[in-house]
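Two complexes are shown next, each including chain A; its partner changes from chain B in the first to chain C in the second.
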Partner chain A sequence: MKRLVATFAVTAASLLAQWGGELRFCLRSDPKTFNPLLVDDEASETVRYLTGGVLIRVNRLTQKLEPELATSWKISRQGRAIAFQLRRGLSFSDGTPFTAEDVAYTMHALMDPALHSPTGDSFRSAPGDVETTVQAPDRITIVFPAPVAGLDRLFDQVAILSSRSPKKEAATLGPFVVTHYTPGTDLVLERNPRYWKTDAGGRRLPYLDRIHLDIQQNREIELLRFTRGEVHLINTIDAELFSRLVKQDPAMAQDAGPSLESEMMWFNQNPSAPLPDYEKAWFRSQNFRRALSSAINRADICRIVYYGHAQPAAGPISPANRFWFNAALKPHAFDPKDALARLQRDGFRFENGALRDRDGHLVEFSLITNSGNQAREHMAAMIQQDLAAIGIKLNIVTLDFRSLIERITQTFRYEACLLGFTNYDLDPSSQMNVWLSSAENHQWYPNQKIPATPWEAEIDRLMHAQAAAVDTTKRKSDFDKVQEIVSDQAPFLYLVTKDSLSAVSPKLRNVQPAMIRPETYWNAEYLALAPAQLARSAR
Partner chain B sequence: MKRSRNIAAGILVLVFTVSLLAGVIAPSPYAAQFRDFISAPASHRFWLGTDELGRDRWSRLLYGTRISLLLAPAAALLSTCMAVVIGGVAGYAGGWCDRVIRQVIDLFLSIPWLFLFLIVRAILPLNASPLTSVIVTFTIMGLVGWAPAARIIRAGAQSLRHSDLVLHARACGCRGLRLILVHIAPALRPVILAQFWIAIPTFILGEASLGLIGLGVADPLPSWGNLLRELTNPQAVTGNPWILAPLAVLVVVVSCFQLLLPEREFVS
Partner chain C sequence: MWIRRIFRHLAAFVITILIAGLLGATLVRFGPGFESDEQELDPRLNAHSVQALRQSHAAEQHLPAFYIHYLGHMIQGDLGVSRSLERPVTELLSERAPVTLRLMLYGIASGWLLGLALAVPAVLVRAPAYDLASTALSGVFLCVPTAVVALALFFANGPVRFAIGLLIFPKVFRYARNVLADAYTQPHVLAARARGLSPASIFFRQVSLWAAPQLLTLAGVSIGIAFGAAIPIEVLCDFPGIGQLAWTAALARDLPVLVSLTILVAVFTQIANAASDLAVSVCTRERA
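After this line comes the complex of A and B, so read on.
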């Protein structure tokens, strides 16, 4: 139904939309690369999204796969192979024709180990080379050395390169092409005159003539420019600035609901960490972790720190990830009495307003987080007060990001850490580097030789099983169990899931903010400016 | 003029006394979060309203004043003493000693000390109390903040070296330490005091900036520095003038310190 409404909205909008004009918004940094295969940062991702043509696109609103350069596809050999039927008669922006050879060329370049492509890493489930078989100019089969979980979705990130164009990555199949770049200042994308899509009225897309991207790090200035009408949108905006905008002009503030970003804290369970043994024992106790989780008032954090634009988090997957979210999970309820009862089961005693363990040690530890992030600092202060209510003394330490990363990944000189987590890929296989006990990002105890606990062994088993399975129902079932174990054992205390917040000028038409990035310009080819704005652009 | 100095002294005594009695006067603990009164306006319950976490601003201002008013002058005193010794020796001795010290001063002025603070924060134990952290911060600020003042004091001492005052003292047989302490130092007193008073707000604001890298006064301990961080939101200020209270206290205190400066300006 939602898809139908969205389709209707786009169709209706296309009938009303006008061609031309310049859309302006800000990038937070310079793009590190214009090679779509090497994208690893947000600014480069923006350029890739607006210029690159992909075989399959994830519709940001419905989260369903939609055909783009491929009209159909079929996965076979237990997820090892995928066959594409391509659109005919398409050309790159420089006029070179698009064929299956280009797809083969792109896949070989992507999977070349010498390139170190972050996008290619997602496809690399086992050592070996990718094989491509071009059956016809519009038909190709790609075979991987081992099954790749969520194979078709991964093609959303693969911008097809031209095998014949002398311009290489500058020749694009997307709606726009890069025409001008001044490092540190701005980037201009012009309409791709050979873009293949047309609107419901048969007019060639995109509606916009160009997109002007100003490079602006300062978010306050970005908001100021937006309110002055100098830029048309802010793709993601933090809750504090958003609440300011709501007061100023609620019509421009867009809350699309829960995003894929969550905030969580965890305890250092690494046995080699330079911490007293009694502290390690606290952190390894499920009761201790669950008690602290119950002592934290998540609803207050959402209301106060995020001005109501966040939800208490239940687990590792946000409700924004509609398919993989385990709806049976609920956030740990705020219940200090239950917290104390759990702690008593482990021999902790609450005396004279202070908590002591069975050996009489005062329960006191530090919580590190990165400095300069006001929301996290406020969250830490609230957790501090919540834990004080059950007699725990929490010391908040804000560190510069490099020091913090060094502590949590190398020296392990910390007790608890508060950070955020964003997973742009909806498929759980992209989280293997977090959930496998042997993984580097298994933050509470990384790089385990063998799983330290039975529940971690079970998570390992389930993650491998879901990655190997082709049947999505089986994969969903396995990953639901992973989420249940994580919620029960609480190695991460998930605190909040932030809302997807953006700011959109009323002058911009056809914007449908989504929960996953790029939130506001995911349908860039359909975006259009209001007639008055077009007249100004023309002048 | 004497009257205004008396008033200034009175205000400073009052502010010091009130801040020292924060534990008795403050209506609530500085860390207490009244979560149903977030960013509340000034009222009979919260005289200066509440901050974004619902903490009583008046209570936090009292405790913050105590910390800033005790530690910033202490750091200023440390840095000024170092500046007097180093700048005074360079200016009075002259020659190679002056050249070496001048280069050391230039070196100190050119080094980005932020890295020292980052290293110190990385070295400090994580469970160091907020008070320890802030004492360490102000001590370091005092230890590295002497160079600008030393340069000015050196210039003063150098010009005094050839003044009639010192020549006369020398002619009377006054030498060495006695010459410095009895004749040169009193003549430099206005300069030294000016450097001391200037250093206080500099350190207060410096602490506020360091808060951004986690080495200022750690939450929930208040200071003028972290109270002033609320002013970074211009929209909040226009609707809530009581947010300006820490700034007003800072201006009043620094002005009072300035008024206490001796009337006579240094004349070479």
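After this line comes the complex of A and C, so read on.
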């Protein structure tokens, strides 16, 4: 049904669309790189998305894979190999023809271990080189050293480079090309005259002549410029600014429902952390973690901090991720009585409004979070109030992001941390470096030599099993179990899943906000401006 | 004698700059978060890439070696590569310096014009109502942070580039008014008035000349004030200048950028102070 609606929308859009004009919106920082293989920041990702051509694209609305530069593909050898049939007669923006040699060149460059590309690392499930076999100018097979889970989906992030163009990465296959960049000020992307896609009427896309990206760090100013009509969209907007916009002009405020971003807190369970032993014992206790989870009122956080544009989170996968979300899981219910009962099972005593452990230590610890994130600071204050109700004294410490990262990844000088993680991909294999006990991003106790607990050993086993399986039903079943263990053991206390919020001018046509990045301009080639706006652009 | 004096000043100049750079580098290097990178939290990166990321700035870990290496390259015009923006620091500075200089220029010029425009009538007219109104006006702007003034101007669609002027004018006004008022009480000014010289002649030939050294000293200081104010204005109002670069670099613990900026500010301040001292000595000699 979704696909039908999307197809209808695209067809209708093409019939109603106006040609030309300049779309304006803001980037929050300068792009760190124009090399699509090295992208690791949001601004560079935007440029890659708008300029790069990929073999396969994840439709942001349906979450299904769609052919782009490849017309078809087939995965074989238990997920180690993928064969592509490519479109014929396409060329890069500079006129260089597109062939299978370009795909081979891109994959070898991407998988160079010295490059340390986040996109490349997603494909690297074992050491070894990637092999490419070009059977014909339009056929290629790529073989990886070990099976790669969700292999085809990963190609959504791989912008194909030209192996022959003297312009290197400036030669692109996407709808736009970078034509002008003033560092710190703006970036202009012009229509790629050789873009291969056409609309239902046979006209060559994109509809827009250019996209003007202003570099604007201040979100208040971005909103002000949006309301003044100086920019046409805000791709992601904070809940507070969004609620302000709703009051001003509800038609421009778009809530696409739950996003892939969630907020959570965790306790430092690292045995080498410079913390008193009794605190480490609290944090290692499942009862303690579950009790605190039950003491936090998630619904209030959604209502007050996110103005209703969030929902209580049950686990690592958001409901926005339709296939991998475990619908059987429910968020831990707010129940301070149950919280106290669980704590009593571990010998904690609630006396005179304060909680003490079995040795009489007052339960007091600090929660670190990054400064400057107002929603997170408000959330920490609400958690502080909730925990005070069961006698726990929580001290909030806000740190700048670098200091916080140093504490959670190197010095381990913290007790609990409140942070959010962004899922870059729908497939759970992209979270291997979070769930494996040996991983760097296994935040509550990273880099374990052997799993510290039986449940972590079980998560390791299940994550390896799902990554090795080809059958998606088996993978789903394994990852559902991982989600259940995480919910039961609560190493991360998942708090809220934020909604995907954006602001879109009514002058902009064909926008279909989605919950996956890039939320509003994922169909950039179909975006068009209203006629009045076109006249202004022309002037 | 002159050569030795110039040499002594130059040596003090160089030593001050070297010490400023070293202090800046030490603060950044030993500040919290220097050895971490936001990318480390990217779950797509494997352990090798995270290690490589940590090793990529190994050259900056050993401070004396880094600083000597930095100075060696600085002499050749190479200020290194920004850790966060991954571009040569010289490029970043040359792109952004005009924005900050323009902002400072507008700010200093407007601040001085407004300050003097209010101070001179206050001394010449000596009307209590005017004095009260101008003092209250300058008091208001003295209390409000420049960043707030800048944001207010921005949201009102006003000229943000004059925000620094609104920070500088109260200081100029109060100082200039006091200095000029003091000048009018000097014996030679009283004598000139007794001799029946015109008010304009007294103001330009006696009062201004007497007040010039003090005002020139304030002019030197106002350059430093303007640069300090440019940082929050550029950050809040998204002006791509040196101030915004400094803020971004501080958040990213970008050692090459921060050391270069520290040295640049030290050079700038030294030159401004030297120019101010020179002007003061010329004026004093003239006055004598």
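The criterion applied here is as follows: the second predicted complex is superposed on the first by the 539 of 539 C-alpha atoms of A that agree within 3 Å, B and C clash if a C-alpha of one lies under 4 Å from a C-alpha of the other, contacts with A are read in each partner's own complex, and residues count from 1 in each chain.
Basically, a contact is a pair of C-beta atoms (placed from the backbone, for glycine too) under 8 Å apart; a residue touches a chain by one contact, two chains touch by 3 or more.
Since the structure is predicted, the reported quantities are computational estimates derived from the model, not experimental observations.
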Handout entry: Fit or clash between chain C and chain B when superposed on chain A
Key = fit
Exercise for the section: Give one of first, second, both or neither to describe whether A:Leu462 is in contact with chain B, with chain C, with both, or with none. Expected result: neither
Handout entry: Partner chain in contact with A:Thr33 - chain B first, chain C second, else both or neither
Key = second
Handout entry: Per-residue contact with chain A, leading partner among chain C and chain B
Key = C
Handout entry: Contacts of A:Gln385 with chain B and chain C, given as first, second, both or neither
Key = first
Exercise for the section: Examine A:Ile368 and indicate which partner it touches, taking first as chain B and second as chain C; both and neither are also allowed. Expected result: first
Exercise for the section: Kindly classify A:Pro118 by the partners it touches after superposition: chain B alone (first), chain C alone (second), both, or neither? Expected result: second
Practice task
Determine, under the contact definition given at the top, whether A:Asp400 touches first (chain B), second (chain C), both, or neither.
Solution key: both
Exercise for the section: Mind working out whether A:Tyr414 is in touch with chain B, chain C, both or neither, as first, second, both or neither? Expected result: first
Practice task
Report, please, how wide the angle is at the C-alpha centre of chain A between chain B and chain C, in steps of 10 degrees.
Solution key: 30
Handout entry: Shortest span in Å between Cα atoms of chain B and of chain C, once chain A is used as the common reference
Key = 6
Completion exercise
Residues on chain A touched by both chain B and chain C 399-400, 403
Fill in the blank from the handout: chain C residues touching chain A in their complex are 32-50, 52-53, 84-87, 92, 95-96, 99, 154-155, 235-238, 240, 244-245, 248, 251-253
Problem - Contact footprint of chain B on chain A as seen in their complex - result: 240, 244, 247-248, 300, 303-304, 364-366, 368, 371-372, 377-378, 380-382, 384-385, 395-400, 403, 413-415
Handout entry: chain C contact footprint on chain A (complex, rising order)
Key = 29-30, 32-33, 40, 113, 116, 118-119, 121-122, 124, 182-185, 215-218, 221, 224, 399-406, 409-410, 421, 424-425, 430-434, 439-441
Problem - Residues of chain B touching chain A in the complex - result: 31-33, 35, 38, 52-54, 118, 121-122, 126-130, 212-214, 218-220, 233, 235
